[in-house]
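Just so it is clear, A, B, C and D label the chains in written order, and each chain counts residues from 1 on its own.
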Amino acid sequence: MTARARHPNYFLVWLMLVGLVMVSVAAGTVLSKTAALILIFSVATVKAALVILNYMHLKYEKTLIYALVLIPLVIVMVLMFALFPDFVFHGHNGNGS
Amino acid sequence: MAEIISGWFPENVSSFGGEIDALFRLILYVTGAWFILTEGLILFFLLRYRRREGRRAAYVAGDNLRQLAWILVPCLIVLLLDLWLDFRGAEVWAKIKGQVPPSDFHIQVTGKQFNWEILYPGPDKEFGTADDVLMENELHVPASRVVRVILKSKDVIHSFFLPNLRLKQDAVPGRAITAWFEATKPGKYPLPCAELCGFGHTGMNGWLFAHSPEDYAKWAKQQWP
Amino acid sequence: MEAQTLTSQTPSGKIGVWWFLASEIPVFGGLIVSYIVLRLGGAGWSEASSHLNFNFALANTFVLLTSSLTMVLAFAEVEAERPRRVGNYLLLTILLGVLFLAVKGFEYAGEIGKGFTPGAGIFWSFYYGMTGLHALHVLAGIVVNLILYLQALSGALQRHGHRVELAGLYWHFVDVVWIFLFPLLYLT
Amino acid sequence: MNSTSPNAESVAHDAEPGFWRAYLFSTDHKRIAKQYLSVALFWAVMGGLTAYLMRWQLAYPDTEVPGWGFIAPDFYNMLVTMHGTIMVFFVAMPILLAAFGNFLIPLMIGARDMAFPRLNMLSFWVFALASLVLLTSLFVPGGAASAGWTGYPPLSAKPEYTGVTWGLNLWLLALALEFASFLMGGVNFLTTAINMRAPGMSFFRLPLLVWMELTAAVIFMLSVGPLIAGAVMLLMDRVVGTTFFLPEGGGEPLLWQHLFWFFGHPEVYVILLPGFGLILEIIPVFSRKPIFGYRPIIYSTIVAGALSFVVWAHHQFLSGMDPRLAMPFSITTIIISVPFALIVFAMIATLWRGSITFSTPMLFAMGTLSVFIFGGLTGIFNGSAPVDIYIHDTYFIVAHFHYTLFSAVFFAGFAGLTYWFPKMFGRMMNEQLGKLHFWLTFVFFNAVFIPMHVVGLGGMMRRISDPTQYEFLRPLQPLNQFITVAAILLLLSQLVFVVNFFRSLICGKVAERNPWQANTLEWRVPSPPPHENFDAIPVVYHGPYEYNSSEAAVDWLPQDRRVTTGAATR
């Protein structure tokens, strides 16, 4: 029980999460499409980080656990970028339907 | 040597086939040398250092750079050879798959369970017009001319394989993939399907007829009088 | 005296769960990445997405966030050694999880009613695939929490308080997945 | 802290658990290892039988297969699919990871059991369930899965295309269960190795087998996710009508290939690395020398593991993927030969100036090494994208992957089985039969698969049931027949092993604790080890390969033996 005694204020984190949901919902109505997209996904990332760091106590963990979060993410990113040529920029080989 | 190796392959009648075969031979020589070296050493060490009375093994742990150099230097050589093979490979790949040379000879080949549907655009060189001709499993082309093949599929994945032209390309439903080849010698060559496509995959076979210019003109005359 | 084994100071259970989560990331990652690239490469997805029930999803977002709070509070009570409250917070988490699934169920029913079945197009394939896989994870989390709750009632949990933390790791992970699914499906 | 003092006998390892707990629902890692081994050997027989049926069909397509009957093309496709699936997922992984990993990791690191013994039991039973589901899938109406072990959609996504209905759904389910089982196993391996090592057993004193099993587990756990997602998508396409991989509904068939091979390539190293691990234990013992370059081998393994995540598209050069992707993947693919070259060279260097005994395990280890080199080198041809244009989906590829897989699974597997048999079952295997088995296997293996390269270069495609339908393949038919005869002899040679295995189980010579005079910790406990393994947890003072060290009087130095200065002079 690594987080004994020094745990974050869980309510505060929750309030921040709720606030951030509002922000991302509002973003779509106020901002331009690209700006909204960027904001929405930045907010999602921040929210995820808040949950992982505070609720999952990543803050208090050792390098091993950080690696267990980050390495899979890197791997997923590798997969994503490799998929771009085939499915996003339809190849110069005339791969349309 | 090169003749023996060529004997393993079907006759090459492709404008770019020679380069694939040459690359194959290059890799064969490089890896062959390593094969002989490594397997030879294994055999030699096994015999030379087999257990004998009164001789103890040496304590060599490879825990310092001087000893490790014996494996690190070869690894470096492997790396350099790798890069060489990559470099040669990149050139050949760019030539075959990187860009399609200009051509006014287009043919659309559609794979379906379990046939090749070959669509000729006819004299107007346009698909979807009245003079299109559809044939099953017979691909007629003039030799010594770049042929552009637009590959499609109606159902599952098939693979357009011309062994003598060293060409293979999957036909994927939902995509139109362009491949090309140039036959250097007239003749009748097999055109099997190389991707498992169902129970009829075995036997899904067509023919490429590479005609000499005169023969091709004759054939075209019959189709589009 | 028995010799001490070498340990990493992180309890085994926690290492185990984190390894498990590390292999779960690519599961959802694979699905989400597929969705992203196909969507970026295709057209007409936003139109399909506009038929989703945004209000239900927004409500569900709050439900799940709150359930994460109750889950972590359950663990805080474990540390504070107040077993009764541990059980109560677990129960609350379970109920919120069930509420999430119920809302999701209504949502599915509504969509299918409007003809948006899984076969209605590639967006709908992904919609049902991603939310369905997520819902299964919520369900699994509910089952785990239920077991812990029963153990809390019987008093067995007192000796195994760390299990609440482990179940929490999983539960929060499922919440994090939703944090991304929500904007990916509903906000774009 | 003295490891030799006969104290701490309080451990309840003598308490006799009941039959169910002892044999079926055991949480003992050694028992679980044997359970995996038994199921895997059953599947190995099935895999061998499918190989026999395929081979006969390929050589004599017009005749009935003796003992079976006529083979229709769609049944042939089922055979190919089941052969690949069984061999990779139900033979290779259970033997190399599950059986050897489970048996050896706790013993080698000086632990009493896995970190989560009950999870361990669960993972076996999930695997058993997967086996049952796969077995069932062979008998459902419509037949077994027939879209190849790679299950490419659209062929696999719509029942109309193959005629197979539940067979393929169950195949997917079996794979999903298998993955779940090995995920649990992986969690266990890693946690155990991180948290349960005996005092003194630092990471750089771990036997290489443990390193290899761990790297394999990590690679598996990090790569299988996208395929699990893919399997869910494919199952949904088949069952609830989604169109993830169906172009008519806006899906992408190629997406599956990426998800499959993103896992598929790392998977081949998941199989190879434990195989390497086994022979890396065996080679030093029978050369009486430390392994050459212990640390570089570990670093190479990690580099190879990391690289294995960025080579997958070499299976898809001609799949219709963007041709610009080919070169980056071709480069990473060919470069991965460097870390493997290092490991191979290190093994060879270990032989240098050794004192080599040709016991059965050593012979099989040398078989593994020499056969792997061949298979690895043919991988370079495949990895060169332009060459792959011609050899992709031909028997050249089939030959390549049998060289690598058979080397890792069977040569290394037999090496491991004969080496640890005394530890597992308390009896020695027969050396004469073992050597006979080795030579027969080695000769017939090469007789089967060397000609297969030539057949492949002649242009013969994979997964065809009747090569005689193609005029251009007819000249190759004598070679095909030769291969088949050799394959049948290869299969029959395995009977020697079966006989040896069961004979030794019943009446082999009773084994001592440490028949090979090896250093690693599993050899300090009785054969077979009792429940809970150690009467007292050992303390480790050395790396695992101190053979012929000047510190010891004899030519071996167990990891838990402390040398006092007096004994150091020899």
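Assume a contact is a pair of C-beta atoms (placed from the backbone, for glycine too) under 8 Å apart; a residue touches a chain by one contact, two chains touch by 3 or more.
Keep in mind that what you see is a predicted model, and the values were worked out from it rather than measured.
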Pair joined by more contacting C-beta pairs (A-D or A-C): A-C
Of all other chains, the one whose Cα centre sits farthest from subunit B: C
Separation of mean Cα positions, subunit D and subunit A [Å, integer]: 37
Between subunit C and subunit A, distance of the C-alpha-averaged centres to the nearest whole Å: 15
Centre distance in Å when subunit B and subunit C are each reduced to the mean of their C-alpha atoms: 48
Inter-centroid spacing, subunit B versus subunit A (mean Cα positions, whole Å): 43
Set of subunit D residues in contact with two or more other chains: 194, 222-223, 225-226, 247, 251-252, 254-255, 262, 320, 323-324
Multi-chain contact sites of subunit B, meaning residues that touch two or more partners: 174-175, 177
Per-residue overlap in subunit C, given as positions that touch at least 2 other chains: 8, 10, 15, 19, 22-23, 25-26, 29-30, 33-34, 38
Interface residues, subunit A side, partner subunit C - complex: 1-5, 7, 10-11, 13-14, 17-18, 21, 24-25, 27-28, 37, 40-41, 43-44, 47-48, 51-52, 54-57, 61-62, 64-65, 68-69, 71-73, 75-76, 79-80, 83-84, 86-90
Residues of subunit A defined as touching subunit D within the complex: 64, 71-72, 75, 78-79, 82-83, 85-87, 89, 91-93, 95, 97
Residue ranges of subunit C in contact with subunit A within the complex: 8-10, 14-15, 18-19, 21-23, 25-26, 29-30, 32-34, 36-38, 40-41, 58, 61-62, 65-66, 68-69, 71-73, 76, 78-79, 161-162, 165, 168-169, 172-173, 175-176, 179-180, 182-183, 187-188
Residues of subunit B defined as touching subunit D within the complex: 8-10, 19-20, 23-24, 27-28, 30-31, 34-35, 38-39, 41-42, 45-46, 49-52, 55-63, 67-68, 70-72, 74-75, 78-79, 82-83, 85-86, 89-90, 92-93, 96-98, 113, 155-157, 159, 161, 163, 166-175, 177, 190, 192-203, 205
Interfacial residue positions of subunit D with respect to subunit C in the complex: 1, 3, 7-8, 110-111, 115-116, 119, 183, 186-188, 190-191, 194-202, 221-230, 232-233, 236-237, 240-244, 249-252, 255, 259, 262, 536-539
